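Note that chain A is present in both complexes that follow, paired respectively with chain B and with chain C.
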Partner chain A sequence: MIRAGGFLAALVLLWISPLVLPISEYTHHIVGLTFMFMAAALAWNWLGGFVGQISFGHAAMFGVGGFVAARVMLATGLPFGLAWIVGGLAAGVFALLWGHPTLRLRGPYFSIATIGVGEATRLGATYWSGFTGGSSGLSLPLDGNPTKYELYWYGLYLLAAAVAISWWLRRSRIGLGLLAIKEDVEAAGDLGVNPVLYQDVVLFLSGAMVGVCGGFYASYQAFIDPSDMFSFDRSISLILMAVIGGIGVALGPLWGAVVFVIIQEFLLASYSQFYLGLYGALLVLIILFEPLGLTGLAARLARFSRVARFSRITR
Partner chain B sequence: MLTALLLVAGCAPSQRESGGSGADDVPEKIVIGATLPLTGAESKSGGRFKQGYELAVELENADGGIDVRGTKVPVELKLLDDTTDQAKAINLAQRLITQDGVHALLGTYSTALIEAQSTVAEQNKIPYVNGGGAATSIYGKGFTYVFGALAPVRNLATTEMEWINAQQAAGKLPKPAKVAVVWENTSHGEDFAEGVKGFAGAHATDYQVVVDESFALDGKDFSAILSTVRSADADLVMVDAHLPDFITMQRQFISSGMCAPVITYGARGSEADARTALGQDGINYILSAVWWNKQLGNTALNSAFIKEFTSRHGTDPEWYQALGYEAARSLFTAISTAGSVDRTKVRDALATLTMDSILPGGKLSYPAASGGQASYPFVVQQNLPDGSSPIIYPADIATGAGVAPNPGCKR
Partner chain C sequence: MGEFTTLAISAVLLAGFYAAMAYGLGLIYGVLRIVNLAHGGIIMAAAYLAWQLFERFRIDPFLAIPIALVVFFGVGVVIYLGLVRFIPRGPAGAVQSLLLLFGVWLIIRNAAYLLFTGNEQVIQTSYATSSVTILGGGFSVTRIAVFGVAIVALLGLHLLLTRTYLGKAIRAVAQNPDSCTLAGINVERVYLLTFGLGTALAGLAGVLASTLFAFTPSFGAGELLKSFVIIVLGGLGSIIGIALGALVLAFAEVFAVYVVPPYLTSAVGFVLLVVVLVLRPGGLFGQRVLR
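What follows is the complex of A and B.
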């Protein structure tokens, strides 16, 4: 109850902040985009963190969601929110199409399969110029599309939905089942957990949420192209956010997404070619010293602080 | 739940109107923002555009700056590297506009990047002049703040076909000639392919399109497409490619022992980088149609441009630098004509601009009828074994005779 209250208070605070604080236009835009990255990283974590199936191919769903949403807006003039949802559903179904058979694979075998799926989808999208615009990409109509200023709030709603689903997944019967599958898929089956169904549900949810994020990104940029939407870098960036923040921790990827965007923005103007190198170094450091990422580091600091306080009291 | 959140809570405050106060005052300096691909696949071309932009700014400042209502105001160019990445081109343009507060934007290079970046300019209603986007799709979206100094690629293809047609009429090429159209799958490539196929369709008894294939940008292996071209035994290999793909494809074309009576890569072929990468033998007889050649346009302006450029860089400029220079110069002229850095006034000045230019035809304007895209004649060049690339078409300005078919091909 206390956590739910804190969550709602944080939402209200973030909703009001831009209206009362002197935030620059650029910062306002970037924070809106960060909300979307947070939501996407959380969604990746449902599969990668909760089930332990590390996907290197989530850019495929991001791209499918983005392009379907864009095409729906262009062809039908559907409101952007609905178009994002249609894109998300398409991405969820697409995830099931390749995920249902490949989720039988475990560990590195599944990860390798996702690399193949991601790259095949990127190539297919690049050559399907009738739908994606090929290497030229696709421009969205400026009329009817929300402005970057407004997208701050839509990004916040998206994040709220992702946080709520994360909590629900963690606390529900499905969440417990996923933990069991992560530990031992066969033992989980013996205990009455249906691994195929549970993994399919999570994959669909993860793919759909990442797809909705793709739709948001399409509206944010007002232009999308396959080499960006389906890029391997994008899949890697989702993994990085989760690892930096704390893989498998319900809300860990939130902090990873914040760090990711700050580094990217800091380096974007002057050293734009170096940021992936910096992420790589960060990844190595985290894996070596704090596998639970920033969440683990925060927990360690909190423990250290409690021990220090206790020793002061007992001295 | 997600649906409910997005639909029920689907509201967001609207943006407060920015005051824009002071836009009509004469500023202390005029800041022009730009991004270019200084690293990545298009870095060579991006570097050349940078030279053009910097020369225009340097010459303007040497003259005291842009004349705004009688006051000379210095120009500052804020140039960032978009690494040949569309998303970065968008984000950096957004940053230049909202964070750095630039007064106007000069465009990046290559159609694909401009297609992406021009959207940001229109969203923010800021004048955007580019010298690197030739596809008509950029200018067909109804954008009112986007202006392009490159004439349409479709005209480029048509101009090349006109020269080829003259060679065919002279009996130098077979009739009907088998045409292989190979194009990058961008709007640039689509325009080129439409130009070639449109011409072939209008001369159906003289040309037969036997290959019509596209490829993705920044390709590494073109063997499948080249194999199709070889199987079709094409007489005319009409390719539209940017510099990196041109060099890669031509290398694979030569190494697989292929040869065609006529081959073109659209606007590419005469670049010094291509000669360095492929050797003179590797680029002999390649046909190219370009947007600028030093022997064209306003003679006095051209001489001044070439002199200033060579004194700084020690080499002759190519069309890339010339277009960067002219795009920047036209923006400066528009600001001066507007007498203000007010975005709407500068936009209006660009829309009605007609200025003396180094470009073919000697004038540069951005007609509203073509969505703000300039239009002027192309010139066809051909690489010859002596290292020269004379103008071979149109005949009235030709500086040399073209060769067809390629004498190196044994057929």
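What follows is the complex of A and C.
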């Protein structure tokens, strides 16, 4: 209850702060985009962290969500929020299409299959230029598309929804079932947890949320092209955010997304030729020294300071 | 009929290369229960090594194979000793090893971009364009040579695994590491040598690939995926399984030109994978791939 209260307070603060604080336009935009990344990283974590099925192909749903939302807006003139939701649903269904068969695979086998999904979807999208505009991309309608300034609040709503689902998934019966599946699929099955159904539900939620994020991103950029939306780098970035923040920790990826955006905006702006290596080195270092990322580090620091305080008392 | 034979022969030639490419990944997974996600990166790096040896020292790619084997055996040993050794075994370490080796792959790719830029490279040997005629179809000498090398490598590996003490130890550890400790096998050492061997095989595949295809630093993702498809299709049990898996994939890809546009042939392997998973979740030839 206290955490929920704190979270609501944080939401309210974030909601009003751009109205009262003198925040630069650039920061305002970047924070809005960060909200979207946070939501997407949380959604990746539902599958990658809660179930332990690492996906290297979530860019596929990001792209499907973005392009379907853009097409819906162009064709029907539906409000952008509804278009995002349609895009998200399409992405969720798309995730089930490939995920229902491949989720029978566990661990590394599933992961490599997702590399294939990501690549096949990217190729398909690039060549299906009637829908995606091919390599020349797609522009969103000028009227009806929100400005980057307004998108800040929509990003916040997206984040709030993702956090709420994260909590629900962790606390509910489904969450317990997911933990059981992560530990031992067969034992979970014996206890009456249907692994296929549970994983399908999570995959749909994860895919749909990432799809809505894709729709948000399409509105944010006002122009999208397949090589960006479906890029392997986009899948990698979701993994990195989750790993930096703490893979499997309910809200860990939030902090990972913040760190990721900081790296992206400040470090890589000047050293773009090193970004792959930097991501790789981060992955290697975190996995070797602190597999739970920032969350693990925070826990370690808390333990350390408790020990320090204790030793001060005894001395 | 003529076209069919030609396509069939090119599929067999391709399958030889695929089998050699997949074996390194399968060996490491079979023994260490780790999927070497850096496999594609090693293949790419070996292609660049062959290219550098050819451009700088005029060493023919096929003569560069022994060099690549030694170099990448060393690379594998270093990756194992420096990184993989610290990851816990079993399901707990599966996710960690995956992400760790993925990180290694990204680093290798970045290094290649910095050293060699993103431009496409090819190795132009003097015999690159010569071909011979078999059953009415023309086949390049390079592809036949690659097939030959792949077969020799697979046979050598088979002999190593079945006729030597190290081979027996590797197979024993694949079955049950705990009993191996009891029998006096140094399991940690077997892990190290297997990782080195698997990486050396990826190096071999990379050198062979450099004679067949143009490559960039992002080369290797497709090769990783194909190797994986072959392992799922064929199981991890034997050379026969790998060879069958490679044949199935190669035939599917080669004959796919009849049904799908050329740019989608690289997706054939993946579609095949999903179809097999739906119809036979245990793989085409047995249950061992699913645990």
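By definition in this document, the second predicted complex is superposed on the first by the 313 of 315 C-alpha atoms of A that agree within 3 Å, B and C clash if a C-alpha of one lies under 4 Å from a C-alpha of the other, contacts with A are read in each partner's own complex, and residues count from 1 in each chain.
In this section, a contact is a pair of C-beta atoms (placed from the backbone, for glycine too) under 8 Å apart; a residue touches a chain by one contact, two chains touch by 3 or more.
Computed from a prediction, not measured in an experiment: that's the story for all the values here.
Residue contacts after overlaying the shared chain place A:Q221 against chain B, while chain C stays out of touching range.
When the shared chain is aligned, chain B and chain C each come close enough to touch A:Y127. In the superposition on chain A, A:R106 contacts chain C only, with no contact to chain B.
In the superposition on chain A, A:A59 makes contact with neither chain B nor chain C. Within the superposed three-chain model, A:L178 lies out of touch with both chain B and chain C [touch as defined at top]. Applying the stated contact rule after C-alpha superposition, one finds that A:W153 touches chain B and leaves chain C untouched. In the superposition on chain A, contact of A:G88 is made with chain B only, not with chain C.
Residues 123, 127, 273 of chain A touch chain B in one complex and chain C in the other. Interface residues of chain C, counted against chain A in their complex, comprise 29, 34-35, 37, 83, 86-87, 91, 94-96, 98-100, 102-107, 109-111, 113-114, 221-222, 224-225, 228-229, 232, 261, 263-264, 266-267, 269-271, 273-274, 277-278, 281, 289-291.
On the chain A side of its complex with chain B, the touching residues are 18-19, 24-26, 29, 81-82, 84-85, 88, 123, 126-127, 129, 133-137, 139-140, 142, 146-154, 157-158, 160-161, 164-165, 208-209, 212, 221-223, 225, 227-228, 268-269, 272-273.
Listing the residues of chain A that touch chain C in their complex gives 52, 54, 56, 98, 101-102, 104-109, 111-113, 115-117, 119-120, 123-124, 127, 232, 236, 239, 243, 247, 273-284, 287-288, 291. Looking at the complex, you find that chain B touches chain A at residues 1-3, 5-7, 9-15, 39-40, 80-83, 85-88, 90-92, 94-95, 98-99, 111-112, 115-116, 119-120, 122-123, 135, 137, 141, 184-188, 190, 214, 216-217.
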